[in-house]
Amino acid sequence: MDVGEEIYEIVKKIFPINRSITGGGVRETLQILHEYLPELKVYEVPTGTRVFDWTVPQEWNCEEAYIEDEEHNRILDFQTNNLSIVNYSIPIDKWVTLAELKELIYTQPDQPELIPYVTSYYNRRYGFCMSENQKSELKEGNYHIVINSSLKDGSLSYGEYVIKGECKEEIFISTYICHPSMANDNCSGIAVAVKLAELLGKQQNRYTYRFIFVPETIGAITYLSRHLEYMQKHVIAGFNLSCVGDNLSYSYVPTRKGGTLADRVIDNILTYHTSGYTRYSYLDRGSDERQYNAPGIDLPVCCFCRSKFHVFPEYHTSADNLTFVSKEGLQGSFDILRMCFAVIEMNDLYVCTTLCEPQLGKRNLYPKVGQKGTYQSIKWYQDFLAYADGDNDLIDIGNHLRVSAYLLIDVVRVLLENKLIKVKDGKKGSF
Amino acid sequence: MDVGEEIYEIVKKIFPINRSITGGGVRETLQILHEYLPELKVYEVPTGTRVFDWTVPQEWNCEEAYIEDEEHNRILDFQTNNLSIVNYSIPIDKWVTLAELKELIYTQPDQPELIPYVTSYYNRRYGFCMSENQKSELKEGNYHIVINSSLKDGSLSYGEYVIKGECKEEIFISTYICHPSMANDNCSGIAVAVKLAELLGKQQNRYTYRFIFVPETIGAITYLSRHLEYMQKHVIAGFNLSCVGDNLSYSYVPTRKGGTLADRVIDNILTYHTSGYTRYSYLDRGSDERQYNAPGIDLPVCCFCRSKFHVFPEYHTSADNLTFVSKEGLQGSFDILRMCFAVIEMNDLYVCTTLCEPQLGKRNLYPKVGQKGTYQSIKWYQDFLAYADGDNDLIDIGNHLRVSAYLLIDVVRVLLENKLIKVKDGKKGSF
Amino acid sequence: MDVGEEIYEIVKKIFPINRSITGGGVRETLQILHEYLPELKVYEVPTGTRVFDWTVPQEWNCEEAYIEDEEHNRILDFQTNNLSIVNYSIPIDKWVTLAELKELIYTQPDQPELIPYVTSYYNRRYGFCMSENQKSELKEGNYHIVINSSLKDGSLSYGEYVIKGECKEEIFISTYICHPSMANDNCSGIAVAVKLAELLGKQQNRYTYRFIFVPETIGAITYLSRHLEYMQKHVIAGFNLSCVGDNLSYSYVPTRKGGTLADRVIDNILTYHTSGYTRYSYLDRGSDERQYNAPGIDLPVCCFCRSKFHVFPEYHTSADNLTFVSKEGLQGSFDILRMCFAVIEMNDLYVCTTLCEPQLGKRNLYPKVGQKGTYQSIKWYQDFLAYADGDNDLIDIGNHLRVSAYLLIDVVRVLLENKLIKVKDGKKGSF
């Protein structure tokens, strides 16, 4: 089974669970992740905890929810599709007329066959979601509406998995676990993160890798409120994973000011390992990169996506299901991020050790006979050396050479072995 | 009567006057402006005064000028069109042959129906201007040519109108009053400046506004020679108004190095409030921005135009008349500058007061239910906050958000009221 | 005879000589240059001398070389075309079968009619070069192969010609003398350099001009190893001349980081004196600019070409002969470089001496009568003055005015004579 298939299996496993920003669904999801990442730690933050401008809300759980007609036919059942009620609905159990019922129903009129995903976390209300088609066919009569939910003091749950490296500088990976049954948004992000964590956990790394699995917005804010100072000191690059499972495109949302190590590495890798990608504006942000890049937070965290949230038509509807994502799509995301990490691990400033070009021939790195057309094989060596001036790091040199920095890792190794370059102390900019 | 009509009325009133860089026409024009701006001050600078590399010339006035044929038919009369003689012509009264007359006549051969505008301020000569068509139809015979003008020691006149603001920093508006009967060049500039001054005079302003009405080149140089040090200390943005009355296009000439507050605000406003405009090169300058941007002067003054001088075919001919300008054209210029001033008044550095995004919901600035498509209404709040990092001023944020900074003024007010942003001390750069 | 013809005559004279990185052909070539430049100095660097990472190799000479068939027909003769053997071939004299012979023959299969240029400086071997067509028609039988060459301790030769200027700052011109009979690569570079040196030697120059004629790579490295510190202190701009004799295009390879005086002047001159040119990437380098721009060397040296090495099909084959270059092509290169030098000589920071625009009229630099269309003649004066702020040098002003800096030299002279500008002490950036 290749990695793409393994990731898809995780997506399938966590897809059915009813998640929200708090409650049993989040805990159940984290429990499954624990099977893959035994050292995953789960934290609980009590209702009422102040986190910057926000307050951790009451915990929401929902046992069952349905609508029945007068003949007790269930015309809507939360067990069948957990998008069927407004997420965070308060409990209700009463009979309503058709007119009253229609006031409680949310649809997506421009996509009449789909059930929309609707939330109301901070305003106490209840409601049902169904397709516009179903709504328009509802018959006159009375309906029994039941939402057997609870909103009680409890806690907000999140998971954290840290892989210690040789140094304290960190690569930060964030993904969100609050969306119910939607495959791309965001079972895909969770599953890709798990497999990346598994991979990194098995190898020796220079940098520390920190993965967090949090409810979107309130969870990221909660996490930041607890770790901001440490993160500002140690995080050198970060990636928020959102909608990374379809096979339609690649994209990322840059950091607010751009130009961080995270922006630079993902730009290089996407440029040379995809047939095209979209570099969005920071105006197009929408997931937890909003918090990581907020003024005063200013962490170097991009948002990586295949097709970006808000952009693909299946977004936030029942069409974002297990057929919309694919093992190829998931594998593609996994590979891009794996290569980004590999580049970051080697992303030093390099400086050549000779004045003028070195004589590659005496090191068997040069063609024995000079004729036009015979030099291409050693061009990467020569070009790498030409830019190894102590001001350029691996990504810079990749960009100068118009080639993937990942593919230059072998060049670096050969040149280091031959003592033709050395690592210069320090890093580009602040790191 | 709307503002456009009021401006057009001023244009009509001052159009017939024979203006030059000195003399009674300038004074008469300033007298009319005084009716609108009772606190307008008029200054007189004596002939012979040294102003930087220049000297204030003798004052020129012209009572009458004409050409008559042998039958006393007036074939040209200064009373009919004051473009008919070379501006600053010395007096003459003699009979000439047709051949001699032709040597004294200026035409615009590529526009054979129009009378050109010709000047000779610093070389004593006389001449007549007529259409190429008229010249080519002149009959053999003798002609009586008369220019009853005077060139005497006197003074150069200019007007100044200052509206004190809460602080000493100034917005500087310059326009020129030396051109005879041409509507766009520059009755339009004078009239728009008058109505802007009237508007600003009625309201409380943060900044001081200084309007000057000067003869082009020699007047601007004279003014600078008297006020340079003060202006370099206090002027934060300035606009020279030239040819602002037609309805064909919008344009501006940037400052020599670009990037000043004046460039930035007019670029933002023209981008988002017109259907297209021309940002000229500083090489295309031609009016008093030449002096304000000269090395060593270096004031942040752009030149704002509808169709730029030298560009529209009617330029410097008898076709630049009252039908070429319109109340819509004048109103458009008025509105662009009014919005520029409003933006400058609010153009502080803003900084958000919370870490991470604030919870807009508890301030009633967020939709109660979350579903795709419902967030647009609050996007400007979120985006403004995302860039309110203390490094961006209102114009920067408008540019980041790709929206008029003028339209963000209400956003600023709401966010300030909700204490979600505050003004950061200081300004961007030195301005 | 115009300069183009004179340069072509030099190309013709040195074309037949068998050159290599060492040996008699180099000395013979330098001897011819000495006829044009009597003060040319020739230096000899002994075999075995360590030069940075390299070692000066043994000296190579070749008396004769040929292949004969069993009937003593010479099917290949070094005297006919010195590309016929692998340059630096060790001696051989033996009979081989056709199969054995074919192993020793280099051809250019994609250009079957041409003899390729092949070298093996640092790996002891021997070989023959012929057209693919000739090789494929070789008949069965035995062949007598003879290379009467020698590889002995000796020396590497190079020439240097210095024209002292008023100051010690230097313009550095490098070209290479190691290629055998190829006209564009690089008899052209040698010949153009000679005529430029001759021209500069006849006139008074502000800057010192240093011309070097070196074997490529090893010669440039040798020269740098002896003069690096002095050059880093004094060279303000340099040009490597390679393939400057065809008439197909203009191009240059910029310095590694770009933006040096050399880049700036050649960019301006090529922009305004050619109908188009190619600004290559530093990735496209290939001649001694590789050494001059290596990290730690960092001299401001571009490579100037007509059609660049590697790009034209005749490159490194027998088709790069006396018909491929032309006097027009050579003259074009000569003129571009001559203009570059003239601009550098005048490339000061200029600052105007008046506040506001000066009154050009009283200096007879302004039209006597002002009418639209009459100002073009003085626009260069006004525009030069507008940018003469002490921050812009002649090249900057040319670029601002979108005109050749060379054509502005007369404007500079007039403005200096009229004391409207003066030279500001110091230079842009580090020089």
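Order of writing sets the labels: A, B and C. Residues in every chain begin at 1.
Here, a contact is a pair of C-beta atoms (placed from the backbone, for glycine too) under 8 Å apart; a residue touches a chain by one contact, two chains touch by 3 or more.
All values reported here derive from a predicted model rather than from experimental measurement.
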Among line, ring, star, complete and other, the chain touch graph is complete
Cα rotation angle, chain A onto chain B, in degrees to the nearest 5, is 120
Chain-centre distance (mean CA atoms) for chain A and chain C, in whole Å, is 54
Multi-partner residues in chain B (2 or more other chains touched) are none
Per the touch rule, the chain A residues reaching chain B in their complex are 52-54, 86, 106, 108, 116-123, 125, 127, 217, 220-221, 224-225, 228, 256, 282-283, 285, 290-291, 293-298, 310, 315-316
Given the complex, residues on chain B that touch chain A span 351-352, 354-359, 361-362, 368-372, 382-383, 385-390, 400-402
